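The next part holds the structures, each set out as structure tokens.
Next come two complexes built around subunit A: one with subunit B, the other with subunit C.
Showing the complex of A and B:
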């Protein structure tokens, strides 16, 4: 313990603490996890803010993410380039949003982005179908998929345009008590 | 609730990326503009003009808290933070002191939470269980942890006020209060005579007789010591009574407090029928699910849930399409099956009644050895057998009734709860019959002492022993099922690749049945707390061991259930069932306190006509002012206005809740209307622009 670490400056750690839901210890632990993915790529000294990006394959191989059917979408949403290659900032941001202290609105915003496969800021029928297939490993029949998508849009589309906007999604999430505990990765 | 976590509304918006030369060509998904105008509303917009007003309005919870909750990339957030820190605002020293205070308070709170979480019991285990088996199973273990803590705190309460003073006064040798009474009633000699065979110790441990009977474990050992010193007085009987009553009130308060948090969640989600499919699609995937096997199971689970829901829909459609004669047949079938299940339950009750009478008579005769132990445990055996067989038969009946799947689960649960709690009530009723000679306290054996002093020289200890045996037997049965059924089943299924073994499959952790077992165990403790003060401690140990045993069997023998139990509504349901159990315990306690005459040969209440009568007697030792005050509180001139006031307050809250519900419905309708307005306006715009184009074309053609 103490201020012996030389990875970050004190100001950097302070700013990380203010911008995420992690404590100082957790930030250092997450840095260790990030570095463990590629020790030869990630330097031990971040005081000069090196521009290091880990490719998606490494991120997607983390034990917390490797079995998640949405891991690619998660990495794409939180990465700067939209391809899933993450810097340390993106990494911390991702786990901060997915931690248990993040508020519901923030999580709902990112969940919406994750399920929006075609990035048009609406959850249309094709997005829902892709989500459903990822949830059930393509085991539902075409008819069932279609019925469920119709029901979902029926239930949640409040402005009647045939697709879910962010407001529709957030209104629906307010009524889901489990959302905060399921949209949560423990690291 | 707005879509923009910052400030909504009509303020000017500065796009941070353009003003501060941030890499505008980066395709960050979080700041990208969408293809259509409407999607601009979905972009997070950081309002630079607002920070000053923010600080004025929200003094202590300053910008840093808001920054964490904004959905912007990390680098943007850090830059914003830098800018905010550089903007040295012209604030008074008082404001900056407030802000520094708030920041250090927040750091203190964070470290405090970290410290407290160290004390929270088993939190890592619970996380692991939740990740691997889902919220339903985790809620069972959370419930178990709640009961462990409740029992432990109750034990501390009882130890502090009853046990420790008794030990101190007994060792000091405080004098007993004596009185003349019927000689025959005061005969009570629990100590065994002569040489005791070694294995008898073991049998005594299991049945609470012999060396265990005359000990701090049971009511009979406590004395009616009333110590009165110069500046210290302690009345053991009064302490015993008040501690027990307070123990019940304390448990009720804890359960209601816990129900409050669960109920708030249930009320907030409103009607659960709306939004079922959306819930499943968007919120059922557990991002914390680890491992390939768990993921596959979770996916199968979701698949199964969706299929079940779709099937329920088709069943409902079919049910609506039934002809009148088919409906009559179905309903008459359901009513008759209801009677059949009631008949089964009543048969179980009669079995318990007969077994208890037989057991009491036989143990009164004092048979020793294994046969004696068997007779002692006969009521527990019959209750457990009934609790096992009757729900199985009711499940078969449910197949004939053909309710929808969710209704079937609820009906089965209600039947099981009814069976468990009322069978305990039947046991107690049978005991009461024997103690008070079937209610007629002035006839037969009860004439001398108003209770059956021949069979029960110390009836409270006897009731305490029955509850002790029930608790112990419940625990032993759980262990036995674990060792003799679940582990062998897993070994058979894993090593024998037979079709039969695969069809039987691995054990499933059935949450409702296990929770009912916990509620039953806790109800037994509540009914027995008056007669066996150390029962909460025994129960704490039992539940702690049960936690570890259930955890072992969960991880080694069970596969996750295909049909999940909704974790949030189920917590509320468990607590409601627990309140029923507490109600049963309260009824028993109130009846024993006020109606049955305490034993004259043992216990702290031995020379009182009823246990409650010590309160009026001690009452007169209080000062006049306290007496008058208490009389006033109990009188009508205080209680009737109080009652009227609470009615008014309750009506106010009910009205408030209905108003909120109505305004939510109105707002929802308004959103729908606005959507339609928008579509109408868009169509108008298209029509007008088309007309303009046509006009331009004709104008161009004509010129």
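Showing the complex of A and C:
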């Protein structure tokens, strides 16, 4: 794979492998995916760490994310600038967390961030409402939405402050049977 | 981010040993702000008990401050990464910026102060505060030195210490050594767990680099004196091992096939359908290993080193079958040449050792036959254990219904608009359902009618189960009669009746059950469970009836075999007596008969093997045909006839098929069960199965992508795929039974297979033990197999099981207790809150009854709201001093900056900037259990 070797130095690949859950083949594949989004922007040589960012419009149009109601949040959470524009590092980071190998706690942490629409470190009612409306495409009536949100808070809010903190969220999510299998994007 | 990168380079340069001061000062203002935020975030994070390493990092930061006496607040990448990580925690950038000036000022002052004080003392004190028990005391110099490397903190001021440390390196004292070692270990741990940290990649990369460099630099220095070489060697080996492991990982992932195919299916159908294919792939891997064992240790040695075809009777087609041995119809029934090939048990010779290597084939055959089970058991159980860890620990049903629905129902794998639409619809429906359930928990219905219908349904299903069992038994019996008749007189149907009937039952019964299950009117999830259980019972019943019928056949064959054996023995005897009396010699050459003409027994093992092979093949055919007709033909008809039909075929009656996950998985499991059972009698079966799995992977992938539509509603049968694994384990166990039974009790055929001539198959092992092992080992084995020893062992195991069971029950109870307590505490608090809002009637009554002072003191109740307000208020960029003032509590002040007299503060502190000690110390507010110290400003 002489051609591919020149994209990263061996050392870079090693560090990426240490920092993500990917093997080198997957890292290279991810790089290809990243580059395919905008071949004219992304150089084929990453040994000198070029400063390249892909705008959210490109990231969000990936088939993996295209149909995801939370795609914008995902991109925002994982991007350095919080607006969905991603460097390769961010990109790797995102798929590393969403990979099969990532542990539950890490996934839960990022899931929390994704559902935390207003970045205030808590899932409050407005976050829940947004989540629910995205999940159901606004098909529930307002009453129903309110009721579901209340139920959610009622179920999971352990410290009774009317919103879900990270701990609340984690205690709830680690018991969910489907969380690992659904919070996962294969590359 | 150009400035940052500049810093990077600075780090690197400096770590090489040069001192570049000027460069690293870049963007100081900017970074100071970040660091300030970083510090603010610290205590809070601690309260949130992030990982240990994290704490460690935090711990370092203040120490550094002590060291850095007069630096400008130029900061590390670590700091700025950390702050990015705590983005969410921070209120907003703007506000932070406002604060930054003030913060940095404070910092400077603080540092000046602390610098004059003995830095060591300070550090220790801080250590204690942080509750860090990592034993970092008493290694001032070493620690400092490390830290510099570790953090890449490259402050120009600390360069003085670095220069001194350079000279110290030669003479490390014992304590320093220990400390250093610890640090190195820590760094190694960090490297290993780095990927688990929710940090930005850039930060991780930097940390990784630093850690690696640190380890690189100091690992070598650790060995001392005599141990040095050994240590260096160990380190080198460890490195090699890590590298090897990585390469192996890389290799392993490169070997995992069908990743793209599965991804395609996943994005089209979501995780549930894909789970079948993942299971299929897993099965393929398992079978590949079994195949490797079987062929590598049994079949290949026999082919290479054993006698060639035609040399002995068991490897030759008998004379009377020879004309038809190559006919397709015969081969199709696995007769003729196929029957006398290495695919079946009978082909193997009973020579104890064969070839150059003196390979013990019979022993190997037996061990592999049992080893296949052993390996499968191990793999299945390991997978189950791993799944159990991954799968949720399963809170009680209904505890988190809505939360789970909200946060885990979206399938992130979906990448197909149609599937997404379905998913949206199904999520909406499920929410509506839950809401309905919640609103009217009990629907009043005619419970008697329903009960009656359920009983009726179960009765019907029992009937059909019994009927199918009897049918199979009947058919197998009849096939034995057919087998005695002339082959030519039988039709194809009569010859393949057993397989045909079994496949047909497998095809017809599940839909029948489903129809009957309509009567029961269960919730779909429960109904699916019942359905699975019934299909499982059906398959199992069929398989075991088949087995029992087969055993009858085996017994019959054993009878005929006995007579044939007697006949041959008698013939031999005759021959010998004749020969010796004729030539008057005792040295009798073996009779010169062509191997094809030798009289031979029926070889029941071959018959069993053929039975299984036929079953597998017909099962495969039926499955593939069903897919072709049920899915493909249906899809074609629906698609193309739709143009000229009275109603909408696509939306209306036939529509497209859905992928039947549970049925397919069960089919796969039972297929595997048959493989396990049959592999002992037909070594070629494993190879056949590998082919089957391979083809079905491609075939089913194609079928599902081209003719199926995504499910409208998916109800997973279980919480995790351990349900299917459990079924697999059960099937494995059930298929183990008959095989072990035959190995231990039924006597093998006298003239075919590797165990011919033995009383029992098991005797091969005894023979090996007696003849090839040293006597004392043989003795040990004899003792070990003594019933006197086995019985106590069994007893012991039973006791152990009993004990463990009791223990687990105890834990369960404790768990329940704790849960109850938690719930009570929650309810209590809730009540109290509600009480405040005057919504809880009972509490209100109580309140009225009680005298005033016994009430919970109001201030406690008052506290949460300002709490929240501060939080919320902090979100707005401008914070009023008033908010902070309100947040101030009578908190004991233990922060770093405690001794410093401060300039009057004009700005509010960050929302979560409690002094670090507070996170752990008990809160003054008695009613509040939350560990959020609202420290306020220490200087007041």
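To be clear about the criterion, the second predicted complex is superposed on the first by the 183 of 187 C-alpha atoms of A that agree within 3 Å, B and C clash if a C-alpha of one lies under 4 Å from a C-alpha of the other, contacts with A are read in each partner's own complex, and residues count from 1 in each chain.
In this text, a contact is a pair of C-beta atoms (placed from the backbone, for glycine too) under 8 Å apart; a residue touches a chain by one contact, two chains touch by 3 or more.
For clarity, every value in this text was computed on a predicted model and none was experimentally measured.
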Which of subunit B and subunit C A:31 touches, first, second, both or neither: neither
First, second, both or neither for A:51, with subunit B first and subunit C second: second
Partner chain in contact with A:117 - subunit B first, subunit C second, else both or neither: neither
Contacts of A:159 with subunit B and subunit C, given as first, second, both or neither: both
Partner chain(s) touched by A:23 [first = subunit B, second = subunit C, both, neither]: both
Partner chain in contact with A:93 - subunit B first, subunit C second, else both or neither: both
Touched partner set for A:8, first subunit B, second subunit C, both or neither: neither
Partner chain in contact with A:135 - subunit B first, subunit C second, else both or neither: both
Set of subunit A residues, in rising order, touched by both subunit B and subunit C: 15, 18-21, 23, 63-64, 67-70, 80, 82, 89-90, 92-93, 96, 98, 103, 105-106, 109-111, 113, 115, 119-121, 128, 131-132, 135-137, 139-140, 144, 147-148, 151-152, 155-156, 158-161, 166-167, 169, 172-179, 181-186
In the complex with subunit A, residue positions of subunit C that touch it: 1-2, 5, 48, 84, 87-89, 191, 194-198, 200-202, 204-205, 208-209, 246, 249-250, 253-254, 259, 262-263, 266-267, 271, 275, 390-395, 399-404, 406-417, 419-420, 424, 427-428, 431-432, 434-435, 438, 716, 718-720, 822, 826, 829-830, 833, 864, 868, 871, 875, 929-930
Subunit B-touching residues of subunit A, taken from the complex the two chains share: 15, 18-21, 23, 63-64, 67-70, 76-77, 79-82, 89-90, 92-93, 96-98, 102-103, 105-106, 109-111, 113, 115, 119-122, 128, 131-132, 135-137, 139-140, 144, 147-148, 151-152, 155-156, 158-161, 165-167, 169-179, 181-186
Of subunit A, residues touching subunit C in the complex: 14-15, 17-21, 23-26, 49, 51, 63-70, 80, 82, 89-90, 92-93, 96, 98, 103-106, 109-111, 113, 115-116, 119-121, 128, 131-132, 135-137, 139-140, 144, 147-148, 151-152, 155-156, 158-161, 166-167, 169, 172-187
Contact footprint of subunit A on subunit B as seen in their complex: 1, 3, 5, 26-30, 32, 34-36, 38-39, 41-42, 44, 64, 67-71, 73-75, 77-78, 81-82, 110, 114, 127, 130-131, 135, 265-266, 268-270, 274-279, 281-292, 294-296, 299-300, 302-303, 306-307, 310, 567-568, 668, 671-672, 674-676, 678-679
